[in-house]
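Worksheet: the structure to be examined is printed underneath.
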Amino acid sequence: METFGKRYHPPGTPPGTLTRHSTSDTTHIRLFEYDGENFSETSSPTAQQCQHAQQNTLVDWLDVTGVNDPIAIRELGETFGLHPLALEDILNSGQRPKIDFHEQHAVLILNLPHLIEDDIVLEQVSLFIGNGHLLSFCSGDGAAFEPVRQRLRQGFGRMRTRGVEYLLYTLVDVVIDSAFPLLEDIGEQIEALEDRVLEKPDKAILHTLHQLKRDLLLLRRALWPQREVISRLIQHDAELVNATMRPYFSDCYDHAVQIIDLIETYREMLNGMLDIYLSSLSNRMNDIMRVLTVVGTIFIPLTFIVGVYGMNFRVMPELEWEYGYFIIWGIMLALAIGMLAAFKWRKWL
Amino acid sequence: METFGKRYHPPGTPPGTLTRHSTSDTTHIRLFEYDGENFSETSSPTAQQCQHAQQNTLVDWLDVTGVNDPIAIRELGETFGLHPLALEDILNSGQRPKIDFHEQHAVLILNLPHLIEDDIVLEQVSLFIGNGHLLSFCSGDGAAFEPVRQRLRQGFGRMRTRGVEYLLYTLVDVVIDSAFPLLEDIGEQIEALEDRVLEKPDKAILHTLHQLKRDLLLLRRALWPQREVISRLIQHDAELVNATMRPYFSDCYDHAVQIIDLIETYREMLNGMLDIYLSSLSNRMNDIMRVLTVVGTIFIPLTFIVGVYGMNFRVMPELEWEYGYFIIWGIMLALAIGMLAAFKWRKWL
Amino acid sequence: METFGKRYHPPGTPPGTLTRHSTSDTTHIRLFEYDGENFSETSSPTAQQCQHAQQNTLVDWLDVTGVNDPIAIRELGETFGLHPLALEDILNSGQRPKIDFHEQHAVLILNLPHLIEDDIVLEQVSLFIGNGHLLSFCSGDGAAFEPVRQRLRQGFGRMRTRGVEYLLYTLVDVVIDSAFPLLEDIGEQIEALEDRVLEKPDKAILHTLHQLKRDLLLLRRALWPQREVISRLIQHDAELVNATMRPYFSDCYDHAVQIIDLIETYREMLNGMLDIYLSSLSNRMNDIMRVLTVVGTIFIPLTFIVGVYGMNFRVMPELEWEYGYFIIWGIMLALAIGMLAAFKWRKWL
Amino acid sequence: METFGKRYHPPGTPPGTLTRHSTSDTTHIRLFEYDGENFSETSSPTAQQCQHAQQNTLVDWLDVTGVNDPIAIRELGETFGLHPLALEDILNSGQRPKIDFHEQHAVLILNLPHLIEDDIVLEQVSLFIGNGHLLSFCSGDGAAFEPVRQRLRQGFGRMRTRGVEYLLYTLVDVVIDSAFPLLEDIGEQIEALEDRVLEKPDKAILHTLHQLKRDLLLLRRALWPQREVISRLIQHDAELVNATMRPYFSDCYDHAVQIIDLIETYREMLNGMLDIYLSSLSNRMNDIMRVLTVVGTIFIPLTFIVGVYGMNFRVMPELEWEYGYFIIWGIMLALAIGMLAAFKWRKWL
Amino acid sequence: METFGKRYHPPGTPPGTLTRHSTSDTTHIRLFEYDGENFSETSSPTAQQCQHAQQNTLVDWLDVTGVNDPIAIRELGETFGLHPLALEDILNSGQRPKIDFHEQHAVLILNLPHLIEDDIVLEQVSLFIGNGHLLSFCSGDGAAFEPVRQRLRQGFGRMRTRGVEYLLYTLVDVVIDSAFPLLEDIGEQIEALEDRVLEKPDKAILHTLHQLKRDLLLLRRALWPQREVISRLIQHDAELVNATMRPYFSDCYDHAVQIIDLIETYREMLNGMLDIYLSSLSNRMNDIMRVLTVVGTIFIPLTFIVGVYGMNFRVMPELEWEYGYFIIWGIMLALAIGMLAAFKWRKWL
């Protein structure tokens, strides 16, 4: 997960300047038009088709993926009358999730997290809604929306019979819920770590702990504001979120809260595990220390004693004694046992 | 306590899809109908009986336990006119406690914690109330509600003479208060740990500390939102919580606050104990260290001295002295006593 | 200080059930009736006397201490028309401080902390006020109210000339201010610890630190909500807290805030001291370590050298040299001084 | 800085009892009366002079310093109609800063911190304002107000031409700003510590860190509520803080916020430094440890080897070899170099 | 970054006194006047030119850089009718960002951070706006505004056709966005540190960590209040922030929030890294310790054994045995292997 994407212009440049976003994905534009009875899908629609779509009574979904072509975006923006600052937001991925209400439309900027080869990648999804049409811009390949496209194409459920508000809900729901599989994955990693931390704390754990903490920190930054976005959407826009749609968006809100809740819980668990890890390390060092102490403090005095009788003084009475050697062994054994008992008594063993 | 239950659908599936919840409990449905004079209990009522119950003036309690049959739940939902998203919430246990107000009824989702073999298990209780009837769905065996059922059957107290609001209060009270025995159990474990932490800090303590912290963390996540649920119930619904019922629900609210209060207090106590544990470890290592230092620093120089006179140089004048051996013993004793005195003076002993 | 008092019923029992509180104190009931001109004190008043007291225009104070008789309390409750849930609160000590407004009366539940043999004990004080009478229930012996009783008996000050609101203020003031001597005691202990922590960090300090932290944590839990209780009393009840009484209750509120302030300050000081304690420990271990290092690293190589010339090889040229022994002494001295200088240079000494 | 001043009465004594505050300062009372054209200063004014001052249209400032005479204060209180609880607050220094609005006057209690011989001392300043007169009571010698007195006496600036509100602002400004020199002093101490912490962490630093943390903690407790006092003054009293005076009191408010901001920043810096201090200690111990390890692990095996050939077994073939001694030296050198290389490779050197 | 600039007057001096700010920059004053058709730039305008500029209908921008001349500032203040306290704020750099609304104009005080030789320097920018003119005062050389000046001079974009509100937005945007390059720089340093912390924790890292934490702490203090400044500007001033300008200032607000967000995220990352650093240190010490233990505990007993047979007792039977020497080698090898196996089994190797 990248810590800091280029998300600003050099200070002092005029606002609304479009800069090219460097992704390798090619831009795909699809126009879906439908109501209860009709359905059409146009790939790469012309400006004329777009303008036509705006005027009829069908629900229009302009689905743009792999956003990286400033000129095409600018044209679309002009066709649909989008604010230049909003266009700038679409092209500069790495935005904080937010909701803006302009005269003609509302803009939601959301983060869609997914895993690419064990790495958390954020895809920026910008949703423009107003006057019966919805524009969605994904900075990535927009694969997460494929099930929605399929449901529209197949006419499965009551998807086609409902208005643009329901389409908005469906897309927001997909974006918010995309955090759950990631969090489940993290949850499983945490559970796996827990036993290892207590049993055998090694360096690899520290690495994983650090990685997980970092991922959760960045995920929190990316997802935390989404709760407020949904909350402001529900409170503000009486047209989009009417009595029928309110339970659906409330459900989205609950999910957003649940996600933040989970992230915070995981973060606290990881902090707790770091404490436990350090305590386990201390414990182990303590154990090792104790052994060193016992071995050291028992043998160091004994080594001194045998050193004494290795001295070459001309006059050393003990050396001449018949049983000197055996006496000295006895003394040394007594000393060793005495010290062992002392350690036992002090509970150091 | 399970960290992360399956609590989401794969992103993109239509909302309201019912998935089967894997529990081994079988579903039991009981229908209680009563007022001051009448009382009937029907096991596994038919759809017709349910519809009949809705129309009469008696208080109806449809008590469903061991929720795992999507088809039966869907049928009940249609009979009582429940929202599809609410049905989905019943079947997906692991929900965050919440309250939703629909047109016809209010929905409370609560967590009922209980101990199964020293393990904290969360049972999800969903309560639907409206138009004189109350539906309760327990994800587990619903044993916690048995005393309430008994009081209804035996007509003990004024239970039967009061309306559906009092029944709601009784069930909410049971769910909230179920946390107290758990917390008492945790409280006793903490008190037992306290002495051990100061006296003999060992690895098992670390394990228990970690376990308790984790349990409290997950318990907090499960129970924290219940305070807000009760608070919103009191503020919002003037019909359910009228002047007579207000003291009862206020009492529930006080209990919910007390539970959170206790959880936070216990968490802080455990954090304090971890600090003390680490300090005790440091203290012990310090003690051990001191002994090693004293033994080491006293004998290492002495061993050097005896090593000197173990050398085999041809010319070593001291070796020839009559009292060399005794003089060296004297020097060594003086050195040892001097060092002991120095340690004493530095307060290392 | 007890961590967890029995403060709940088994889940599912009907609310309002009175359980007997296990204290050894005997219940004392006193009825004070007074106005500017009259004063009477009745010990153990009959139900009739109580009812009479309710009807006259005198200020009535029913002062109950050593609450442990459910039957007597229930009778009093019926005489004065108290809510069954409120009676339950009186008998279950260990309540969180709270204020409830019923139709006829307001109920304040407060905690009165005092020291019994260096142990902090919480006495629960429940105050019922309404219609010109005040009922006070102390779970302990109510000794803290003795000065108030004396002032009433002696007619000292303007106590008797003021209404029941002033009596309420006096009792609340006594309860709140009872925390000050405790906190002063704790403050003095903290000051005494501070010097010891920096000078000679030993195990007893850790014990005291832990004890103080725990006491403050539990004291905070017991006293924190009292601030809100007073605040809600001032805001809510225009009759009790009129323009004349407002400065008095504001003063109580200021004291409650000051108490919380002090508790938080002390807690931060103790946390700071634990950090300092651990740092001091590290410092000491560092000192000891340095000495061990110096003695060890100086003598270990020297011991090796003398070991070399203690070997019994047939051919060892140095041993035959005239001044070999003295040369080796010179080398060893040079080595020792060199190492000492190196340590000095690295600031390890 | 004293942790806990006597700031309470024994619980149960009647409120408003005046107790004598033990300071060695003598009480000075000065009465300033002025408007644009007149100015008079009366030292130790009589009660009659005070009453006269209340009735004329001049601005009156009754400036009391070294408050320790309960009788004089009580008399003043009666002359100016002050509330008995407010008088009590004046005499009990150690109050939490607060603002009270009585019928006739507003009362501000503030803390004026200053340094006496490197020790932070709090002087309590009580300001009564109403009806064109201002009473100020300092618990200390009131030296901080001397510049204000001088400006009044000399008629410098527009001081005399403005009303009592401007005088209030001037005094409040003096009290609030008196924290800046203290904080600058602490800021300089922190900067001086920063280098030492990284370079040479010693015990004295720990002492200073602890001292600074404690001072900031107590300073925060004393000054934090002043922000709210000014804020409530601005919001509440439309007469004192009119459109002309608003920018001045806003400036005071900004300073109060800046002071809290600085205290918090310093506290965080000190916490950061304690972490760095502990890390530096660990680093140093690590360095020392490494040297001990290298010296120990290199010489201990070598000492064993030379010990082997110091044994006196009758049959030890190596001892008889012509070049045994030199071979053993070679082996030992190879071993030592090998181990050094291994340590180098593991980056332990 | 300087911790504490002189930002206060000695307590007791009259407010509004101008003191000379010690910077080496020389003051530059530029007057820009423009509308859609006209443009003029006057360097060092006279008071007359300034007064003339106030009266015409052109947009006026008085751009003052290198503020250090109290007399010139006072004159400008009188010409444009600025409040004396506001003038004081301009000259005392080190102000907390704030917004004040006076009768004639609004004042914004902002901090513009930039890097000078790897050191974060804060430049104070004060903006006065009202009646179609804008005054900007930079405490530094104002180089950050150069692109804006160029855009005005060159008439690029629609800069000249828009009113003074757009100019205000442009300058505020420049000031706020100036934090991004700094934060990117810090972000890169943090990423670079992360690998080093886990791989090779050394003292230099601690130094860098400390430096970064301190910079972020001071940056947070300087930039945090800017969010509230923009928020209050949007909410308060309906004239400046009309419907057309709202999206622009909202964008500024989003950037201010993003900056605080980044600072907090970085601070948490650094705290996490300090934990990891300490854990890595512990890990390394643990590794070193283990080696010392193994070498020590294996060779200390062996050294004792060889010491035994170096003793010179007259009677030592083992010494006379034919294979004594070889037997002892066998015993010692067995002992060494046994101990190695024990360590392996305890997972210490």
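Letters A, B, C, D and E name the chains as they come in the text, with residue numbers starting at 1 for each one.
The definition used in the following text is that a residue touches a chain if its C-beta (ideal position, glycine included) is under 8 Å from a C-beta of that chain, and two chains touch if they have at least 3 such contacts.
Values in this document were obtained by computation on a predicted structure and should not be read as measured data.
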item: Chain A onto chain D, rotation angle from CA fit, given as a multiple of 5 degrees; value: 145
item: Approximate Å spacing (C-alpha centroids) for the pair chain B, chain E; value: 41
item: Distance from chain E to chain A - Cα centre to Cα centre, in angstrom; value: 25
item: Of all residues in chain C, the ones touching two or more other chains; value: 278, 282, 285, 289, 292, 296, 300, 303, 307, 310-312, 316
item: Pairwise touch network: line, ring, star, complete, or other; value: ring
item: Going round from chain C, first to chain D: chain order; value: C, D, E, A, B
item: Chain D residues within the chain C interface of the complex; value: 3-4, 6-9, 11-15, 83, 85-86, 96, 98, 100, 102, 200, 203, 206-207, 210, 213-214, 217-218, 221, 274, 277-278, 281-282, 284-285, 288-289, 291-292, 295-296, 299-300, 302-303, 306-307, 309-312, 316, 318-325, 328
item: In the complex, chain C residues that touch chain D; value: 144-148, 151, 156-157, 159, 173-174, 177-178, 180-181, 183-184, 187-188, 190-191, 198, 247-248, 250-251, 254-255, 257-258, 261-262, 265, 268-269, 272, 275-276, 278-280, 282-283, 285-286, 289-290, 292-293, 296-297, 300-301, 303-304, 307-308, 310-316, 347-348
